[in-house]
Amino acid sequence: MNPVNYLYLAALLFTIGAAGVVIRRNAIVLFMCVELMLNACNLAFVTFSRLHGNLDGQIIAFFTMVVAAAEVVVGLAIIVTVFRSRHSASVDDASLMKL
Amino acid sequence: MENLIGLLVAVPLLGAALLLCGGRRLDGKGHYIGTVLAGASFVIGAVLFADMLGRGEHDRALHSKVFSWIPVGGFRADVAFQLDQLSMTFVLLITGVGTLIHIYSIGYMEHDERRRRFFGYLNLFLAAMLLLVLADNYLLLYVGWEGVGLASYLLIGFWQHKPSAATAAKKAFIVNRVGDVGLSIAIMLMFTTFGTFTFAPVLTNADHASEGKLTAIGLMLLLAACGKSAQVPLQSWLGDAMEGPTPVSALIHAATMVTAGVYLITRSGAIFNAAPDAQAAVVAVGAVTLLFGAIVGCAKDDIKKALAGSTMSQIGYMILAAGLGPIGYVFAIMHLVTHGFFKAGLFLGAGSVMHAMNDEVDMRKYGGLRKYMPVTFITFGLGYLAIIGFPGLSGFWSKDKIIEAAFAKGGTEGWILGGAALLGAAITAYYMTRVMLLTFFGEKRWVPDEEGHEPHPHESPSSMTIPMIVLAVGSVFAGGLFSVNDAFLKWLEPVTGHSHGDSPLSAAAVTAGTMVVLAIGVALAWAQYGRRPVPRTAPRGSLLTRAARRDLLQDDFNHVALVKPGQYLTRGLVYVDHKLVDGVVNGTAASVGGLSGRLRKLQNGYARTYAVSMFGGTAVLIAATLLMRAV
Amino acid sequence: MTHAATVHSLWTTAAAAPDKIPSPDIEYGQLSPTLIVLGAAIVGVLIEAFLPRRQRYVAQLFVSVVALAAAFAAVIGLAAGDYGTSKAHVAAMGAIAVDGPALFLQGTILLVALVAVFTFAERRLDPVVHGNRVDSFAAQAAAVPGGDAEKAAVKAGFTTTEVFPLVLFAVGGMLVFPSANDLLTLFVALEVFSLPLYILCALARRHRALSQEAAVKYFLLGAFSSAFLLFGIALLYGYAGTVAYSGIADVVDGQVRNVTPALAGTMGNDALLLIGGAMVLMGLLFKIGAVPFHMWTPDVYQGAPTPVTGFMAAATKVAAFGALLRLLYVVLPGLRWDWRPVMWGVAIVTMLGGAIVAVTQTDVKRLLAYSSIAHAGFILAGVIATTPDGISSVLFYLAAYSFVTLGAFAVVTLVRDAGGEATHLSKWAGLGRRSPLVAAVFAVFLLAFAGIPLTSGFAGKFAVFKAAADGGAGPLVVIGVISSAIAAFFYIRVIVLMFFSEPRTDGPSVAVPSPLTSSAIAIGVAVTLVLGVAPQYFLDLASQAGVFVR
Amino acid sequence: MSFPLLTATAVVPALGAVATAAMPAAQRAAAKWVALGFSLVTLALAAVMLVRFDPGGARFQLTESHAWIKDFGVRYELGVDGIAVALIALTAVLIPFIILAGWHDADPLESARPNRRWRPTQGFFALILMVEAMVVISFEATDVFLFYIFFEAMLIPMYFLIGGFGDRAGGRSEEETATQRSYAAVKFLLYNLAGGLIMLAAVVGLYAVTADQLGTGTFSLQEIVQARAGGRLDMASGTERLLFLGFFFAFAVKAPLWPLHTWLPNAMGESTAPVAVLITAVVDKVGTFAMLRFCLQLFPEASKWATPAIMILALISIIYGALLAIGQRDIKRLIAYASISHFGFIILGIFAMTTQGQGGATLYMVNHGVSTAALMLVAGFLITRRGSRLIADYGGVQKVAPVLAGTFLIGGLATLSLPGLAPFISEFLVLVGTFSRYPAFGVIATVGIVLAALYVLILYQRTMTGPVKAEVRSMPDLRVRELVVVAPLIALLIFLGVYPKPLADIVNPAVDHTMSVVDKKDPKPDHPVTDAGWFSYSPKSEGASHDGASGGAK
């Protein structure tokens, strides 16, 4: 099949992820959505590298995974602390600062 | 000799400086210093006069430039003096009468703890007035012009603790200011027309300029004259000015300052000669005022106000004469001088009476004073005869000539003016007789004042009577002296020029007419106030009388036409400034604040909202970029 | 060729690859600033691991200060070695550019970091607890606020000395960010300096709830934005077939025949380019804090520990603008006519938005946050100029601005009451009466923000506006002027509050800082005035540095 | 190179400011003397400048020029022409009096002493000197950018003077006073800052234009003027107008010109009298000065283009200001509005584009400075005595304090520009200058003369004359210090009124130069009199004259 379709898929996933970030409340879920977006990026990279016939995209994909992993570490750490102090993972509860 | 001219101004100015800055330590001798210096300036004047007589009639004028005053571009004003016959006449009048009144004031102001300052102001006035008549250009004249205004302001308001006095002073100054605007505009016009405003060049080249310009200049000068000389329509201040001490009324508001207008017009003769329309305006003003003043004079019970009305009317005569052009200039000045004598005398007399009557001014509360203060009575009487133009006395000579000149104007105009002048003479006779009768004849109508002091009329001290006597002498003989083979005419003609004009009536006829109206006037007054006893409180009187008592409604008019609207305008503007001009600014600030308040609501603390804005932002960003490419 | 063939060929080449992959050669000397800092960071981690608690603070402080200083020295060395001008080139196999802007910004970041570290290390402001001097960081970040664990930690006098290595990591990332010469490096650098910052935000000793909330928001939104950035990168890669700046630039300028006929059929390459470019741009604008990607700024600035806020506000902006400049001037100059109008819009809304919303703020830190947004707008005006002047003016502005910000936040740490820092404006009333000096210093910073002459703020603003006007962005200048007028209003408001209103009885006290913070503030004032009165030298520096290598 | 006199004149007060500010809190009295000393040194330097300045000499003299900010095309260029010298002299003369007059204004109240480090007195005088320094240098600057910097920086010390040391005699609660004061201060600052920022845009634009046309951007006034003259610099009229408006707006706010004036009454009303004098007599002059130096010379064409509009605004200011002055209940606000009216005259004179107009305007700046100082300072003494600014609270003062009343009257008479006092000359010159080019404007402007008489005399009558009010009865007359302040000012007023020639001679060449830059000539009189000197005038004896006279004799 035409590899371009993977691009459409990537775009779709990215959009879903973005939408999820905007819609969902639970911090963890938000975070997963972000991960989804990153994965969409990866898919795009790989597809493009396939289309271009060079390996950069695939290498970048690896980098992305590493970075994502690091992000998870930090992110979860923060979210967990907040959860422990608030007993809630809802991002809407974390709205002391406004205006 | 030239340098003496400067001295003429400097001496009284020095006096003013001394007395005003001298402080309390001069309180004791202040009045002497003032008087001496005034006398000194008179002496200088006399010296210069003698010197002038020593020279041929066409090179009598002296000129002395002291220093260059304002040199900016083409605009050059010098502090320079010009002493010709016209100025000379004034110098003598001012310093002479001035000195007398200084002497008089020594007695009159004896009990005033601020006497020193009073004399300081008087000296200041002398200096300013001399500057006015000695200046060789209009701008310097303007300085003197406002200087006398200042002096008059200070002196009218000398008893500042009286609100009425303060108000009167302010009124005088402001009305004069209106006139001054005329003068300053006239000067600007001269500058733009001739590139200079020094008398000689302007007057010499007057007829080169377009008549329109000249008319404009003339009218502006007339406006100035109206302000200073209390002519209609700027006459309203003079009556109130009587709030000032009587010597002031005598010197400033009778003899000298108020005649400055006449000086200005005569001095600017060349301009008026070339601008008939302006002249017409002048004579109109003169004629109207001489009647106006006279009528007001008839209705007043306050002796000083009555005299003030008379002053107004007499100056009306002078302005009228000056407006007639070369026919009248000389007589305007001549009447000015004689009037200076007898009106000053009359005022001093009035002052002496008030002095005797615990400062009572209502003539209805006088009566029969001739027994108690004979000197005052006699001097006042002589002044009275002079002013109504009793044959042989000063007033007769000068006024008669003016009436004559008025007819000599020729045509219907001549008849109208002549008629007005005659009518004026009649009324003058009437109201002056009234004053005379009310004050010195009939039975005494005195009443105790607030503290219940029964007035004990007595003759004033010699320091006061002597000046009165001197002035009386002047008012008897001056006119005659001047007319001895037209001495005065010959004296002034080189400066003012003179033409005889063609009178439809012979001089004799005019004189006869004058005599007749004069008699009528006196008779009427006698009928009204001589035969019957006079009520202490004024009867309601006819409509005209009541109007005249209110100065023919001039103040009411000003109030309705100027003061009220002015107040509303000011209040309105204050509101506008606060609400509108300021409001706009504060409004902008407020609206920014409001906008800010609304915008910050977006910052609602929800991470997801922020994400939305980022998401939307990106979308817009992308869309915009694509759009840019599309177009 | 067929798909199979393609795959095959791909496969075979892949197989044959090993002997074809060149061994990377790295110019360690020219990367030394970054390497020093990162190395020090690792040392810091080791210190945390092996040194006893008591000694960590001193050791960490020592290491970080030395490292930063050394790195700065290295930058100077490079600059002296003409790497900023004549010898400017691309190092590390095209990953990193060593050129004027890079060195200038790295120098700035390092200095800022150095000063920031002083404020991090301040231990005199907070009252002594259980005989231990403490800084503004949580005793034990992991412990639940108010929980027993925390109490114990406080009692034991724990302090989070990890902040120092964290800062160093962040700095390392920031050093790379503006000099990154391909999109991958850009992304990695972004994450390298973002992640430590997320953590740092969460470490406040007081108001921990706020602090943690700030961290969450910053983290989620940061991750969100970096996802966009990454996708943008992907699209650009798809467009150009490479992520190297020069490579993309070539394609954009049409110097290279595009290599993907396959794509050509299905979608317009320019679409890829434009969308990708826009998304990368968005990622950077987020870090800059430009409207409408700014909303995290106030919350994070307010919640984070003030020293961290100061560091973020100053250093992040510098790094991000550096990256933005490079992207726009090196990668997308060929696209000027597409992105300039867009950036115009962003600049305008940023300037106005920041200024207007700031007017009604009631918290000092939020106020400064909004003002930083407005300033981002001003700098953008300079970026848009797309002239050499534009570059140098932006560089200068960044240097000037970062120190003012740092100083301002340092002052904020001094004004305290029982609850820690008293950041609510109402508490600042009459500060000028209580302690004229502090108030005066803060006033100086505010005036610099407001761009009053004889302060660095004015010089910077003038430079930027001048560049913009030259670059044909006159209207931007006018709007900039208007928004500075609005901005002036709230700076003045604070001054009025401090000097002309009566002090409150329950007002805050001004803590007497240690030499650390004092020197930080002093440096801030000094730079502000020097750059204000005699900016010429630094302007020269900036304009020499104003050339990108490609 | 020779001794940098101009720099010194600006630096000395700045040093003074530092020295004063550095005085320890206890040394209040000493601080005052230090401040006074420095201001006197400045005065001395200004005197030297006045002597060294040669009216017939080069356009700009005592010039100094150093590179400063190359990248902005900015040089540290100082130089004075006649106008600048006159205004610097004015500043240097007024400041010592302002300091003396404000001797006790900044003594801390016993009630409010938050802590020992709070040193209001030192601050007050330091700020005054700081303002002086900045004003002086902005008069000296011949580099637009340099000027702009101090034009703006000036606002800060001014702002603290207004907001920090308000008039304690508000007759209101401490709270109310404080709010009013800071409102006034903020209003002052925002108005002027807005003006300044708009000017900044124009400054940037100017740079862009010069950079575009001359290759290198420059702010040097002379360079630009010469470039224009040489045709190397030729602005598109649209651009020039925009730039002109940018500059003019800032100056019009500062001056202030209707309708940008509303900050002035608040500022002058709320601040202490000496500060009010500082505002209106010194700082505001920078605005009118700048119109003359920068607006006209950088943008001659645009200036001509804008003249009608500006003249109308000036006219409005004159009459509007006067009318509002009449409507005021507060002495200081009244004087403020009077000043607005006077600034109207100054601006009218500047844009009349005649020698008399501009020369008059310059003299006006000086004279207005002195006269307002005299009036306002005496008013200040009065207000501190009674503790109220409301006219209605006074009455009959001249009976208890004749000297105070006298000086107040003289100040007032100067304000209504009575002949013999300095302001008359300048006002008349402005009127003549205006009239000779725009008669209508000249005539309308004379209304201002009458109105001036009204507000001054009303003020005098209500406060000084009439029966003595109870609260006033125990009012002491002027003290020695106060007399020392007022007497010289009055002397100056009289001297400049009687013998303004020296000042005029200094100013004229500068004015002529400005005129030539703007390329305007004075309108010629219709019938110029060849020899304007004095020679005897004798009337054309129209024929019959003599025999007529003799006929009369028969």
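As written, the chain order gives the labels A, B, C and D, with residue 1 at the start of each chain.
Everything that follows uses one rule, which is that contacts are C-beta pairs under 8 Å (C-beta built on N, C-alpha and C of every residue); 3 or more make two chains touch, one makes a residue touch a chain.
Everything numeric in this text was worked out from a predicted model, so none of it was measured.
Counting C-beta pairs in contact across B-C and across A-B shows that the higher total falls to B-C. Separation between the centroids of chain B and chain C, computed from CA atoms only, is 81 Å. In this assembly, the C-alpha centroid of chain A lies 97 Å from the C-alpha centroid of chain B. Taking each chain's centre as the average of its CA atoms, chain A and chain D sit 67 Å apart. Averaging Cα coordinates per chain places chain A and chain C 23 Å apart.
Taken residue by residue, chain B touches two or more other chains at 589, 600, 603, 605, 607, 611, whereas all remaining positions touch fewer. Residue positions 216-217, 220, 224, 228, 298-299, 489 of chain C each touch two or more of the other chains.
Of all residues in chain A, those touching 2 or more other chains are 18, 21, 30, 91, 94-98, listed in ascending order.
According to the touch criterion at the top of this document, the contacting chain pairs are A-B, A-C, B-C, B-D, C-D. If you check the complex, the residues on chain A that touch chain C are 2-4, 7, 10, 14, 17-18, 21, 27, 30-31, 34, 37-38, 40-41, 44-45, 47-57, 59-60, 63-64, 67, 70-71, 74-75, 77-79, 81-82, 84-86, 91, 94-98. Against chain B, the residues of chain A that register as touching in their complex are 18, 21-25, 30, 91-92, 94-99.
The touching residues of chain B, counted against chain A in their complex, run 600-601, 603-608, 611-612, 615. For chain B in complex with chain D, the touching residues are 20, 58-59, 61, 63, 65, 67-76, 79-80, 82, 84, 136, 139, 142-143, 145-147, 150, 153, 157, 160-161, 163, 165-167, 170, 173-174, 177-178, 180-181, 184-185, 187-189, 191-196, 198-205, 207-210, 213, 269-270, 273, 326, 485-486, 489-490, 493-501, 566, 569-571, 573-574, 577, 581-582, 585, 589. Of all the residues in chain C, the ones that touch chain B in their complex are 216-217, 220-221, 224-225, 228, 270-271, 274-275, 277-279, 281-282, 286, 291-293, 295-296, 298-299, 337-339, 341-342, 345-346, 353, 356-361, 486, 489.
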